[in-house]
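The structure under discussion is supplied below as structure tokens; questions concerning it will follow.
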Amino acid sequence: MNQVSMVGRIVREIELRDIGEGKIVLNNVLAVQKNYRTDHGVEADFIPFVVWEKRAELIEEYCNKGDLVGLMGKMQSRTYKNNESETVYVVELLVNEVQFLQPKK
Amino acid sequence: MNQVSMVGRIVREIELRDIGEGKIVLNNVLAVQKNYRTDHGVEADFIPFVVWEKRAELIEEYCNKGDLVGLMGKMQSRTYKNNESETVYVVELLVNEVQFLQPKK
Amino acid sequence: MNQVSMVGRIVREIELRDIGEGKIVLNNVLAVQKNYRTDHGVEADFIPFVVWEKRAELIEEYCNKGDLVGLMGKMQSRTYKNNESETVYVVELLVNEVQFLQPKK
Amino acid sequence: MNQVSMVGRIVREIELRDIGEGKIVLNNVLAVQKNYRTDHGVEADFIPFVVWEKRAELIEEYCNKGDLVGLMGKMQSRTYKNNESETVYVVELLVNEVQFLQPKK
């Protein structure tokens, strides 16, 4: 069992990448407000997310950086080698459903 | 909105840390089975989690490494400086409810 | 384990009830869009929800009928006797967190 | 957005119904422990659930009444006419993923 729901704002410009054989992927970050205030006001958590294929294209069509969206899916972990050949460990939300909470761009 | 439910196995030995002023914290990792098979059999995602205070003490009392538990909470992000003074970025589950799915140890 | 996240619109006028000893309760219904279209267009599920105390007062202060909100909590079941002395079985969302998705009224 | 995770025990005998054209459906109830004690001990909520097709057949193959399972899905509402031609309103969990938490029967 692995189930995640989040509502937050898209942090970076939306960019689709074609990773070959027509496979489309979108990597970005969601800023999710904490449900309490600190001395610094309302703070946020920054959760990386990844979306594949048709769903990625829909986000690219409907959303801009800064837009409020609902994302549902599962947390996944993976590792990759960065440019310095170090192994980087990533924990991110693999999105399987999106709800647009603002008018279309 | 930020809500997470997971069922998985505790990966590391359970260790409480007292970080001063009697504040107790437990850091560990949950191995959550993917809901599909790959050529390598059933795989898992490895999601770091953190539990505070009373709830941490309950886990220490009831669970061993390898035990199956249900964890509920929120994903949070934070950064810290490691021993090489590099900034490390962490995404982890902040647990606010636990369900024990095995007999008490 | 019992965890629910929903985004939808408040169906009925918002009304607080004082059930004695100063205990405040709010009962209403959330219209949650289905994530697919039918021949009748986009349809919704209608999920009863209940909120207690401070959180109920916040909803009364911030929301109107028709407003979009995010609700988190647990599904609960209960029975009561109606005016004809029949036992009625209710399944409803017991809300423990609210996110307002529109400007304050 | 409509997302539900529950862990609980299957309340009734498991029965598949063929509703025509080979469509298989399973209706049952999940007993989900509350996360607090009352004067009567640990109580439970009783949440109706519905599962379709392959997933229903898997539950029939793997589970018995009383077994512990994890269910994920969405809450849905619907109405039907009962034998006295009264309209009955149902709120239930539409299951889209199951996790078996006990050895196979």
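Per-chain residue numbering starts at 1, and chain names A, B, C and D are given in the order in which the chains are listed.
Keep in mind that, in the parts below, a residue touches a chain if its C-beta (ideal position, glycine included) is under 8 Å from a C-beta of that chain, and two chains touch if they have at least 3 such contacts.
Not measured: the values here are computed from a predicted model.
> Count the C-beta pairs in contact for A-C and for C-D, then report the pair with the higher count.
C-D
> Taking mean CA positions as centres, which chain lies farthest from chain A?
For chain A, the chain whose C-alpha mean is farthest off is D.
> Please work out the Cα centroid separation of chain A and chain D, and write it as a whole number of Å.
The answer is 32 Å.
> Just how far, in Å, is the C-alpha centre of chain C from the one of chain A?
It comes to 28 Å between the two C-alpha centres.
> Between chain C and chain D, what is the gap in Å from one C-alpha centre to the other?
That gives a centre separation of 22 Å.
> Can you pull out the residues of chain A that are in contact with at least two other chains?
Expected reply: 1, 3, 5, 7, 35, 70, 72, 97, 99.
> Any idea which chain C residues touch chain A in the complex?
So the residues of chain C in touch with chain A come to 1, 3, 5, 7, 35, 68, 70, 72, 97, 99, 101.
> Tell me, which parts of chain D touch chain C in their complex?
1-8, 32, 35, 45-48, 70, 74-77, 91-93
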